[in-house]
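There are structures below to look over.
One chain, chain A, appears in both complexes that follow, with chain B as partner in the first and chain C in the second.
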Partner chain A sequence: MTMTNEPLEKRPVHSMIPAVDIVETANSYIVKLDIPGSVKEKIKASIENSTLVISAEALEYTGVEKSESVKQYRREFLLAKDIEVNTVDAQYDLGVLTVVLNKKQQFLPKQISIN
Partner chain B sequence: MSLIKRNPSQNMTQWNREFPAFRGLQSLQTDVNRIFDEFFRGDILANDTFFSRDWNPAVDIIENNDNYVLKAELPGMNKDDVKITLENNVLTIRGEKKNEMETKGENFHRVERSYGSFERNFTMPGTIKVNDIDAQYKDGVLTLMMPKAEEAKPKVIDVKVK
Partner chain C sequence: MVVRFQPLANIFDEIDSIFNPQAVSYPAIQWMNRRRFADISVKESGEQVHVYAELPGVAKEDVAVNINDGTLVISADRKQPELKENEQWIRNEVSYGKIERTIQLPYSVDLEKVTATHEQGILHIVLPKHENAKPKQISIR
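Take a look at the complex of A and B:
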């Protein structure tokens, strides 16, 4: 199966909502989305109006050449105020997109020593 | 025939910009859509393993002239954790995805992705050349190319009309 240059709009499109895990650690939020069968170049992640938007495309094999359809993944997350939007990191591996959202410095847990 | 879901999120984005208060409504709709997706994806009526296994990966099986092609969505799995066997023309895919997340000092806000063991069985509709099966795992998708044995291929018989 290869990605061809044929415009995607011409193919049947199936909209998908990826399953997500969101885990909060001391310094960050880790967001994992199942997006099987895509490639790094077909995945877009952006932050706009404090909303994280993930969209991706994967080809569906139908067994007949030139009749492949497209799975379109999309999901939006409203971000909390404690997220540092300038240091967001995303990686795609084994069909899973992992987005790490760091917390702002002033929201990190601090040890306060007593004098 | 296939069911194609309408995608309201395109129109909703514009809507959101103008009325931020409705954003929560959209995420509610997204969640409801997802629940429907999972319900229908589960093959509830057809699959006897629904209640006994942790998860049920989505599978496509396609037949063309020369091959049966199986695609299974196994995002986040290592290929060494997937076992495929073919016995008496029954194809079995089983595996286990371990939850890699530590539970110490972490808050789980959402856990929708599937973890644990799974097993799916498929009776193949025709004989397969067992030694020529090609299995590949890439980007979370397992693809099995199973060439048909000669007797399973469609035959064209010319009938002479006199």
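Take a look at the complex of A and C:
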């Protein structure tokens, strides 16, 4: 961590990179990020310029009660062309954020019937 | 080209950059270097000891807390997700499996009154101090 000249009264912030698991299914990508101890309201997920940006805040439990610090999670993912950005779904449970990125219709596997 | 001298702090980055120039600033690599599971914090207040353990993705029924002779043992099992036939891993940074963390408690605690909650991946154990470990005010005669 680098030293900064931030005022002392500001709560210390710990920058974290959440661990991620990505699984590809036939019609989607399932992205799971470890963000323990946050709440739904403190998690932001957005897609801008075909980049998925996840940021979240969680309390850090070290130290004395009065000097509670904050853990700040952030991670970006450059999205491939086959992702439908309008139907992204996100859910937070057990300290894990799950984002489901659906594939565009034209990239889905197709069964071709033989006449 | 003039390069500012940097002491050994970045020696691993330097070595990485020799073998794989693209990998150096990659977030996953930075993260792997400090990869941890079940980070534990212990906090003390006047009458209680609080233990927090980060256990994301672990269901409540897969967490066990045991206290034996001043030692707190937290065991957890993070179940590996089973992939279906048409599913495949793109990336796997999360560690799965059983983990056990042991903490030597700093005070003797009242075992009858220990409580534990597990919410959004944080296991929070409250251990009230035993009568003879609580802070005492001694009156001066």
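We adopt the following convention: the second predicted complex is superposed on the first by the 105 of 115 C-alpha atoms of A that agree within 3 Å, B and C clash if a C-alpha of one lies under 4 Å from a C-alpha of the other, contacts with A are read in each partner's own complex, and residues count from 1 in each chain.
The criterion applied here is as follows: a residue touches a chain if its C-beta (ideal position, glycine included) is under 8 Å from a C-beta of that chain, and two chains touch if they have at least 3 such contacts.
This structure is a prediction, so every number in the text was calculated from the model and none was measured.
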**Message:** Do chain B and chain C fit side by side on chain A in the superposed arrangement, or is it a clash?
**Reply:** clash
**Message:** A:Thr87 in the overlay: touching chain B, chain C, both, or neither? Say first, second, both or neither.
**Reply:** neither
**Asked** chain B or chain C: which reaches more residues on chain A?
**Response** B
**Prompt:** Is A:Gln105 contacted by the first partner chain B, the second partner chain C, both or neither?
**Reply:** neither
**Request:** Considering only touches as defined above, state whether A:Gln72 meets chain B (first), chain C (second), both or neither.
**Result:** first
**Item:** chain B versus chain C as contact partner of A:Pro36, first or second or both or neither
**Value:** both
**Asked** Is A:Ser46 contacted by the first partner chain B, the second partner chain C, both or neither?
**Response** neither
**Overlap of the chain B and chain C footprints on chain A, listed as residue numbers** = 17, 19-26, 29, 32, 34-39, 60-64, 75, 92, 94-96
**Complex contacts: residues of chain B adjacent to chain A** = 2, 4-7, 9, 16-17, 20, 23-24, 26-27, 30, 33-34, 37-38, 60, 62-64, 69, 71, 73-78, 101, 105-114, 139-141, 143
**Prompt:** Contact residues on chain A for chain C in the complex?
**Reply:** 17, 19-26, 29, 32, 34-39, 60-65, 75, 92-96
**Message:** Give the list of chain C residues in touch with chain A in this complex.
**Reply:** 27-28, 30-31, 35, 41, 43, 45, 50, 52, 54-59, 81, 83-84, 86-94, 120-122
**Message:** Which residues of chain A touch chain B once you look at their complex with the stated criterion?
**Reply:** 1, 12-17, 19-26, 29, 32, 34-39, 49, 51, 60-64, 72, 74-78, 92, 94-96
